[in-house]
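Okay, handing you the structure first.
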Amino acid sequence: MSKKVKAFGEVMMRLDAPGHQTLEQTNTLQTMYKGTGVNILSGLCRLKHSTSIITKLPDNSLGKAAISAIQSNGISVDDIVIGGNYIGKYFLENGFGPRPTKVIYSNRKESSFCTSNIKEYNLSKILADTDLLHICGIGLAISDITRNNVIQTAKIACSLGVKVAFDCNFRPKLWDNDIEEARKYYEEILPYVDICFMTEKDAQYILGYETNAKGSKNQINEVMPKVANRFKVGIIAGTIRDETTNHTGTLQGFMLVDGKIVYSDTLAYETLDRIGGGDGFTSGILHGVLKGLPANETVAFAVGAGVLAHTIHGDIPRSTERDIWQFLSDNRISIER
Amino acid sequence: MSKKVKAFGEVMMRLDAPGHQTLEQTNTLQTMYKGTGVNILSGLCRLKHSTSIITKLPDNSLGKAAISAIQSNGISVDDIVIGGNYIGKYFLENGFGPRPTKVIYSNRKESSFCTSNIKEYNLSKILADTDLLHICGIGLAISDITRNNVIQTAKIACSLGVKVAFDCNFRPKLWDNDIEEARKYYEEILPYVDICFMTEKDAQYILGYETNAKGSKNQINEVMPKVANRFKVGIIAGTIRDETTNHTGTLQGFMLVDGKIVYSDTLAYETLDRIGGGDGFTSGILHGVLKGLPANETVAFAVGAGVLAHTIHGDIPRSTERDIWQFLSDNRISIER
Amino acid sequence: MSKKVKAFGEVMMRLDAPGHQTLEQTNTLQTMYKGTGVNILSGLCRLKHSTSIITKLPDNSLGKAAISAIQSNGISVDDIVIGGNYIGKYFLENGFGPRPTKVIYSNRKESSFCTSNIKEYNLSKILADTDLLHICGIGLAISDITRNNVIQTAKIACSLGVKVAFDCNFRPKLWDNDIEEARKYYEEILPYVDICFMTEKDAQYILGYETNAKGSKNQINEVMPKVANRFKVGIIAGTIRDETTNHTGTLQGFMLVDGKIVYSDTLAYETLDRIGGGDGFTSGILHGVLKGLPANETVAFAVGAGVLAHTIHGDIPRSTERDIWQFLSDNRISIER
Amino acid sequence: MSKKVKAFGEVMMRLDAPGHQTLEQTNTLQTMYKGTGVNILSGLCRLKHSTSIITKLPDNSLGKAAISAIQSNGISVDDIVIGGNYIGKYFLENGFGPRPTKVIYSNRKESSFCTSNIKEYNLSKILADTDLLHICGIGLAISDITRNNVIQTAKIACSLGVKVAFDCNFRPKLWDNDIEEARKYYEEILPYVDICFMTEKDAQYILGYETNAKGSKNQINEVMPKVANRFKVGIIAGTIRDETTNHTGTLQGFMLVDGKIVYSDTLAYETLDRIGGGDGFTSGILHGVLKGLPANETVAFAVGAGVLAHTIHGDIPRSTERDIWQFLSDNRISIER
Amino acid sequence: MSKKVKAFGEVMMRLDAPGHQTLEQTNTLQTMYKGTGVNILSGLCRLKHSTSIITKLPDNSLGKAAISAIQSNGISVDDIVIGGNYIGKYFLENGFGPRPTKVIYSNRKESSFCTSNIKEYNLSKILADTDLLHICGIGLAISDITRNNVIQTAKIACSLGVKVAFDCNFRPKLWDNDIEEARKYYEEILPYVDICFMTEKDAQYILGYETNAKGSKNQINEVMPKVANRFKVGIIAGTIRDETTNHTGTLQGFMLVDGKIVYSDTLAYETLDRIGGGDGFTSGILHGVLKGLPANETVAFAVGAGVLAHTIHGDIPRSTERDIWQFLSDNRISIER
Amino acid sequence: MSKKVKAFGEVMMRLDAPGHQTLEQTNTLQTMYKGTGVNILSGLCRLKHSTSIITKLPDNSLGKAAISAIQSNGISVDDIVIGGNYIGKYFLENGFGPRPTKVIYSNRKESSFCTSNIKEYNLSKILADTDLLHICGIGLAISDITRNNVIQTAKIACSLGVKVAFDCNFRPKLWDNDIEEARKYYEEILPYVDICFMTEKDAQYILGYETNAKGSKNQINEVMPKVANRFKVGIIAGTIRDETTNHTGTLQGFMLVDGKIVYSDTLAYETLDRIGGGDGFTSGILHGVLKGLPANETVAFAVGAGVLAHTIHGDIPRSTERDIWQFLSDNRISIER
């Protein structure tokens, strides 16, 4: 039987003010349970992969609600450790036009996951039935504990022969803009990574690759082979996003495999929900890799998955293979009866 | 006193996932009761005509809810037969951007209407006080029963001197793309039709009129007189729709009367709700015919009614004569205090 | 590793008018996905058993929504067959005081499950990893197809050494009050049953055991041993329900094991949601059996589970072991901070 | 064909704070369109009578909304005059336990109806096809205009041979507790009334009949024949209500016909919505009168209709004949599948 | 301690049909409490000024709800007179595309405010602690009472040395298009005004200044100095609005100070809510004046405040100084974490 | 002018699952902002006292929302310190019948208030215009910081001649049931208290007064004078609550003044919302004290205020003096038109 895809990462509770109201205007909030790991595994479940999330959640009604939501996407909860005090949360006030979206964190550092010890997870057992492990780079930034957990997890996975997918997800503010500090840890983890999600900007800012090339494509062509070469990362993938308005734009995917870079077509997108759009692309790439699709097919599929993920409310990609290929085909439909 | 406009057709329950959510994401559905017949009669009620729907509904709370909704539009329910097991239903998952809208039928063929026998309706009595009868072409496709009912109804109406308006509403999928089969029944019913709603594509695909003309207008000018001539249909009307995006575009109406074709201006539209937009145009044409307006005025009014119907949530046209003429006038207003 | 509990049964979509409104009054419905099998397995998941539902669902957005809801309860969907046209549905108009609750079925007999062939399920494989199989008696009544499926399933499970739990769930109206007809099939299935859920009224009406004993308890004491003896059913369990008002009453559980009957205390209950209350008791009994608890402890636990299930909105029991023992203990709490 | 039942009365917009919230707590209101006349006619429509409301509503979106709501109940709107400035409104803050319900009127005296001239209604034509006309006594109190309209309407109906049903609906506050003033106008209208809805308290307070009898029943027996005799009112009906709590109690109906008083059984009721509960009883009595049922059957039916009206949200009685007889029968049901 | 900004004006209850539904389609309304005075003071409260509204509200639950809403914005309610019968209301049916928004007033002229006598407010005491008083020009139009109140208030404020800000807010329909009548009263109040909000169209239509200049800017340059000069108004401010679609456009502010006119940049805007957009600009200008900012900074800030006010649901500006300067800066952000 | 009542205490965000749903069942939460201090001041605002809350809230959208909610009740926010990271929160899952309500805290100890330093509040200035200061005993338990803040505040108030009202609010779990530890701090604060809210159980458990008296009243009569005497507390007040069901019961108030104990009548109550019911009684007592009402009138008023507070959704008492006296009078009303 096929092995599992797992992700090591935080599951957060998201609480949205409805529509475009401010938190001051409303007394009703909409809740979701999400996180980079959950999002990507949810996408993979729709693509018929077997998945499991490795995380820690508290033993209370919010922990139960998170578990129920994770299960609803088809992700196994067998690897979740129960304990600690809090689920991490964020409140979201959706912007409009020039008014910015506002995110307010709650229990960010005190969450069950962020205060967990890596030994609680019994990774050697958990990873024994695993093909591919996804790790999100935000953990490198939150605290010493999470940084250590993330790096240890990558090392253990590597030592067990589990493929490691790593999403840079670099957020300068979480590092207090201290690039030097960040670079140190990104450089520490990359040698254990098999599949890396990264943009040309990440390569420049985090890893310090300088280039005089103009435009994203030329920069990608110049710096990505160097990154792949230095850290022995077999696959690097990412997107080139060109925003037309704050809810429309174009998306193109790229994928470096064995030193060669393949690009998808450039597709127009419309955004229903700003947060979490990139996780559709990631699940598309991982799908192609797991199925052994050729690189050009993989990146085409991934960018299709990414564009469709923009049309879904919430962070969770929900498209099936049929949905994605239908969208990429010549005869798109507007009503499916 | 003036006679009534009646429609023979199915009333369905529509259940929408709210906003752009998928059915998987929501536990709340919005309900409406609609159908081509109900929609058009509702439009005519707002234009101050006396109307009645001929249909069959079950004797349960959903049947009652449908009747209440039909009545709320001012349509008489005196001609509704009560019985059978089900009201037909469809669930609607509203698409977004490139993600298609999805429609899922329930009890389509088992509905009270679709399993009814034409004799249950006592048409000779029901049509005795009727000026104009509207029939929808979808009934030709659902099943042998509904096809027979639709054709019989047209014949009886014709024999009683009631004017027959027929909306082609051709849906290839319902015919399993068997054009030959469809053509046979469209050809059978058209001789009994006085007012036919049809596009130049219908004329080509269903009836087989070939043309080398370029553009909708030239094709209409070439094929519609042939259709009118062959089947002795006095009036043929329809729209030329040009979609700019999936919620904006332009609409132009045409109307053939006594062999002469009149066009309206081309108006821009914005769509609030994708489903049922064309029924506003249809009720506008029928209003002009019933009031004896000149063709150019009728088609202008109809296209105005059509554009306004796109701005209403749900299938039901809700504009009054004043609303429509105000919209068509030179001094449109944006706030009416 | 521990084996699984499975259930063979229909999953239905429930659509409720909110609060105590009639279907005519509202344009908003609340949806749930439920069924005796799903309810009981959900209860068992909360009690930390591994479960899987054996059913058939259509390949459309409603089928997906059902699967998502089933998964959210922790039930495996690996044994679900995808295909057919419809999910069965019922609309619910919640009564108030003397006004009755009204249930309207839709696609009852045309559902994917009710039109499925028993061979589609590959039961010999599905039941290979199964300890206990739950079967609901409603299937005996719906149609010849479902009756055959239910009986075949019981026989196959029995032949594979899987324990069979059977819930009589007798509804006279579904049998057109033809008791003779019903008895025939109940008598056919009972020899394959290990654990039977039944009331003293079922024993009298369905199986024809006459008794002059007064009161439920005396009747149970008289007839249940006869049933157990005749059909070689090891365990029979059920409740004595005494309604005080339409939302309060008392509940007592009984359990016959190896010919001996044990009763729980009589507990008061309050009802938040009328439908599906008994499934909490059933999951409590199965939990005791699976854990090898003594009969008196099992029936005490089950009636506690049953009372708590009455306090939950919807059909799904949601109590944990800790919740139930806490409720049964001397120091119940009203606020848990 | 059968003639119509009509009502002359105001249609108001009701705006409720949801649940038991105060108006200060909520930013969402629920709307309904109601009035004694509309309520009673709605009840009669469910009992299969043909009805029409005589009122006046403004030519704006609220007037249209009211018309749509009236139509949804099956009431004809052909006799509604369109014009004036306002629809009367009231805001309702639903009490809880000892906290009182609060009603705040808006545009009470400035409403289209309350400022209408009786000549606008063309009553001689409107009443020509009418069997029975219902008039509500509140109109006697609002203003000189409405008082005059109400009395004139009764006189015209009487002169045309239309049966007049009159509901006393005495509200001391509207008369500034000036009983003498009120009595004058009640005495002026009663000679034109055929069916009067009145309690023994009304007879004492408004009409000044003194009695030493103890208990409602004895007082009814003593004073009602005197009222009937003096004003030549053929039928007097009303209820004896005994409140146990603020949402439960018992209801008994009485009906004087040709000098003889008949009582119904005393039935328990539970209240879902405090406002408008008595209109179910009234429609039940009128149904019995219109169908020519014997007095004992009429009053039994009416009190059943009244109890069921208490179980419905909003003012509108929604029970069918089958619902009411089923409720009054020995085998009430709690779930109707 | 700093003095207060006060506003003399009506507070109305706004009742919206949700989304783009018509009032006929919905049974739920959203409520707000607003008015030019409340809106502007709310904006100033967010900008850290001390404010108070001078108005009259009824002593009932709606009056309380209004007071609670006013307080929630930080405005003092100490100067509100309690009494009278009604709060003024309007119902709003939000248009879509070419379908106009519809506003229906209720108790417009009968409201507590509009029927109040100017002596009830004890203005000499209320204005003693006041720096700046805002008056809205709509009061000039409603009735003789409100017109007199508005003019008297301006005169008293002027005599007490309180700065008067006056918003023309000219609505031809309220004056039955009688410009001559309107001009008389605008001319009467302007000599008491220190800061006037006015467009070049107001200057032409209301005050009769003719000009051959082309374009708003040239007209402003020509006529505004004349207005300022004639009526000795120190500051005149307003916006040039250019609508691209019905929810996008550009906004430019101007401000005449001591005879010199300063313009802001032209900024693009997107509209979330059509009603009340201009009050953000007004509060921005008053903020600059109260803080003694230079004119170019004031008008830049004001137009930024105006654009952000378009992005907020409801009439109330909610931006802080930080929000506005951030928006006007070079590095706008789209997500603020 | 009259001085202010202030409260030193935390303001929390409350997030409720709607109705009786569990947190797992819903994706919508209702929010409120509350706390013992805010609740009591809100009650006093409705009773026309001038109030201000002394607390600390974060500089983000949730802090703003809290401030808006506090202001909406009429409480001044001038004494609120802005800073820190979090507002304290709790999620509430409302129980039903025997199912317990569940409360889950979030950022309890990390909140802006709980991490604030007492020096940030500038108490000598803040308390200069204060008559009465309310302090809640929960602060004694949360952490060393809050305990120190609470005790320091009481001492400073005492030294400035401000009357101190203290609510014991003893929660054993917060003290890990370490009574000895708790007693130490309660004994430290009581000498600075003028008005103490306490039950006879508090006196026994926290302060260690033993008694053999039977029943609450006898115990109160025995121990309260000893408490008052020892700590020189002029006024002690509290309630005797007798729960009949989980939403009904009786309430009696007592008040010790100058060594003499006065009792109110025993009133029945019904509960709409379980949390925060006692704060209505407290605000009633403080109202009587501030107005100088006699003790018997004060305690009668307070228990009336308490019973009405049970009928309001949320924690905030909303009754006016008129509401409370009307409720306590002989002629209660059920509908106020």
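Per-chain numbering from 1; labels A, B, C, D, E and F assigned in written order.
Operating definition for what follows: a residue touches a chain if its C-beta (ideal position, glycine included) is under 8 Å from a C-beta of that chain, and two chains touch if they have at least 3 such contacts.
All of these numbers come straight from a predicted model, not from anything done at the bench.
A.B. asks: Interface check for copies chain A and chain E. Shared numbers divided by all numbers used: above half gives same, below half gives different; which is it?
C.D. replies: different
A.B. asks: To lay chain D over its twin chain F by CA atoms, how big a turn is needed, in degrees to the nearest 5?
C.D. replies: 120
A.B. asks: Distance-wise, how many Å sit between the C-alpha centres of chain A and chain D, to the nearest whole number?
C.D. replies: Each chain's C-alpha centroid was found; their separation is 64 Å.
A.B. asks: List the centre-to-centre spacing of chain C and chain D in whole Å, with centres computed as mean CA coordinates.
C.D. replies: Distance between chain centres: 47 Å.
A.B. asks: List, in ascending order, every residue of chain A touching at least 2 other chains.
C.D. replies: Residue numbers touching two or more other chains: 22, 24, 68, 102.
A.B. asks: Taking the touch definition from the header, please name the shape of the chain graph: line, ring, star, complete or other.
C.D. replies: Basically it's none of the tidy shapes, so other.
A.B. asks: Would you mind giving me the full set of chain pairs in touch?
C.D. replies: Taking the chains two at a time, the touching pairs are A-B, A-C, A-E, A-F, B-C, B-D, B-E, C-D, C-F, D-E, D-F, E-F.
A.B. asks: Which stretch or stretches of chain B touch chain C in the complex?
C.D. replies: For this pair, the touching residues of chain B are 15, 22-24, 26-32, 60-62, 64-65, 68, 86, 89, 91, 93, 102, 104, 106-107, 110.
A.B. asks: Would you tell me which residues of chain F are touching chain D in their complex?
C.D. replies: Its residues touching chain D are 269-270, 272, 307-308, 310-314, 318, 323, 326-327, 332-337.
A.B. asks: Applying the document's contact rule, which stretches of chain F touch chain E when the two form their complex?
C.D. replies: Result: residues 67-69, 71-74, 77 of chain F touch chain E.
A.B. asks: Over in the complex, which chain A residues touch chain E? Could you list them?
C.D. replies: 19-22, 24-25, 95-103, 105, 171, 173, 246, 274
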